[in-house]
């Protein structure tokens, strides 16, 4: 096993490296989020058909993209913890689940609000929104399964299996929902189609997508640090860390 | 006393450590189970006897350090009697899920007779007592020809006559070159010598 | 800026009441996502510190795993 | 005496499970009764007008079949877990993912198959056009096997939990949705005169994928649940 992969397995090293990454990544992410939002909200032209309500795209699409990517991160971390029995991969999976669920909730909430001015109803069974709803249930399933086990070691193994099963099913779910949508609705416009917006609107969107990916990484690392502290609470390096916990 | 049996160990345990709820149950426990040996694992309640048995037989695969190699097929009798209440003792043994072998009717009947269940072969198991359920489970010892037996508290709910018969069976199995690892609170009166592994002190033999 | 006044920016030709709540909820969730782990980390560290102090202070007999 | 080969052992397990099911014939009736009662709810809820009922019939029948399958999936491994037989199964020399197929096969034979054969009766109650009965039975035959396999994954993960009943529906309902989509689409296609073949083909493809992958997940799930 090459050294970097092996090092990833040792908690104190991972705790420290996560801390140093966060020190510079978190400020950059928050800065990118603010500039992207202000740019998208206040400086770009409104869209021809939808007017200003399209500005929600700058948080809906990035959240949806990262929510889906988050599930794959969780499932792959689960696979690594199952196959190579790495405790830190368990920690990554456990940390990724709630963060992914939160991003899926953002995508669902903003998608629903966006439906009101565009379609006149609070909830629209658009293919993308429906798949996002199912993804949200998959996330909740993993979180609920983890809480249902008393023995946390078995809990993370069971969640790894469930997230792998989920990962295999996501493409099937997305394709079958698209098929279902086309089957029943016919070719009504898909209001979340990216192709139609022109370049001046594309740049803030790309910035926001990057910012959301960075935000996911930050939240993942933040949660992992807490999880490592809890799991390694009886080791020496955590006790030493706790006693000189004067600093932030 | 047969000469100390040499040859490959039936089961090799290497530096087993188990920690549960903050307490170190045992630490780098290593031993080999050789043919012709009878091992008894002793320890107070909660000393980790059952956990060790489940590690040895491979039921628990995570949560402990160290390794266990089993070189022969083995037979594990756990706390529960693994007897389906809806099936008769004959059906329980004929359709047993442990996948050891396909037993004919006469074998099953003679095994059931030997564990004192003569006449109960075709009675629905839910009418039998817990002790009788365990005897159906013990009948598997007579049926199977695996050499390594891992028994978790085999004497519970068995009357004194049954215990004596079981001890005799263990002795004859060990004498015939098999090996037995069992946990029990009772002292064993068995014809062969007993290797005792005490978990209380966490000592290695 | 596309809008000529703050008031116009708030209204966004009638779509403001959808865009701004969407953004505020998103900001709230993001804030929650960033702040809770930091709070939990401080709580865990403080718990461990208290535990360590109790373990040192306590006589040898009573020491040992708190939980 | 050598241990039986995997295939023979699977058949033996299948006979054992069917024998256990036959010993309690009333329990085989439970999913069918549930199916009948829930189908009877919809006319009460949606009004008896044949026109509206016919429109909903394919969806109602499929959703009810899915829910009754979900109800019975939880108990596939539970009784063996409670009396310790599941531990012995895990220690059997035969590959676990084949043995688990025997459990799921028995579960399908005692629930899904009967449901599919009985469903035309309820279809007529909901005024489903007779042209669609063939597609309904075919889609339910393939679909309930698929549902049993996916339900088995949920059952293997929650078998060790005291209150696993509710949790299993949260875990596997999202995975049931593609099956529902194509199952009811097949029936609707038959109702409107289109060929149901393509949808049944997709259901069949999903079934093959599930037969290949689900047992692996179930075997892993069982080993984890027993180890907890």
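By written order: A, B, C and D. Residues from 1 in each chain.
Operating definition for what follows: a residue touches a chain if its C-beta (ideal position, glycine included) is under 8 Å from a C-beta of that chain, and two chains touch if they have at least 3 such contacts.
Everything quoted here is computed from the prediction, not taken from an experiment.
Enquirer: Tally the contacting C-beta pairs at the A-C interface and at the A-B interface, and name the larger one.
Expert: Between A-C and A-B, the larger count of C-beta pairs in contact belongs to A-C.
Enquirer: Looking at CA centres, what chain is most distant from subunit C?
Expert: It is B.
Enquirer: Between subunit A and subunit C, tell me the centre distance in angstrom, where each centre is the average of that chain's C-alpha atoms.
Expert: Distance between chain centres, rounded to whole Å: 17 Å.
Enquirer: Hey, how far is the Cα centre of subunit B from the one of subunit C, in Å?
Expert: That gives a centre separation of 54 Å.
Enquirer: Report the inter-centroid distance (CA atoms only) between subunit C and subunit D in whole Å.
Expert: From the centre of subunit C to the centre of subunit D is 44 Å.
Enquirer: Measuring from the mean C-alpha position of subunit A to the mean C-alpha position of subunit B, what distance in angstrom results?
Expert: So the centroids are 49 Å from each other.
Enquirer: Hunt down the residues of subunit C that sit against at least two other chains at once, touch-wise.
Expert: Where subunit C meets two or more other chains at a single residue, that happens at 65.
Enquirer: Residues touching two or more other chains, restricted to subunit A: which are they?
Expert: 151, 154, 157, 234 - these are the residues of subunit A that touch more than one other chain.
Enquirer: Send over the residues of subunit B in touch with two or more other chains.
Expert: Within subunit B, residues 22, 62-63 contact more than one other chain.
Enquirer: Please name which positions on subunit D make contact with subunit B in the complex.
Expert: 1-4, 8-9, 12-13, 15-16, 19-20, 23-24, 79-80, 83-94, 99, 223, 226-227
Enquirer: Could you please specify the touching residues of subunit B with respect to subunit A in the complex?
Expert: 22, 62-63
Enquirer: Which residues, counting only subunit A, touch subunit C once they are in their complex?
Expert: 26, 33, 37, 41-46, 51-53, 55-56, 59-60, 63, 99, 102, 105-106, 109-110, 113-114, 116-117, 215, 218-219, 222-223, 225-226, 229-230, 233-234, 238-239, 241-243, 245
Enquirer: Which residues of subunit C touch subunit A in their complex?
Expert: 1-3, 9, 12-16, 18-19, 21-23, 25-26, 29-30, 32-34, 37-38, 40-41, 44-46, 48-49, 51-52, 65
Enquirer: Spell out the part of subunit B that touches subunit D in their complex, as residue ranges.
Expert: Those in contact with subunit D are residues 57-63, 73-74, 76, 78-87, 91, 95-103, 145.
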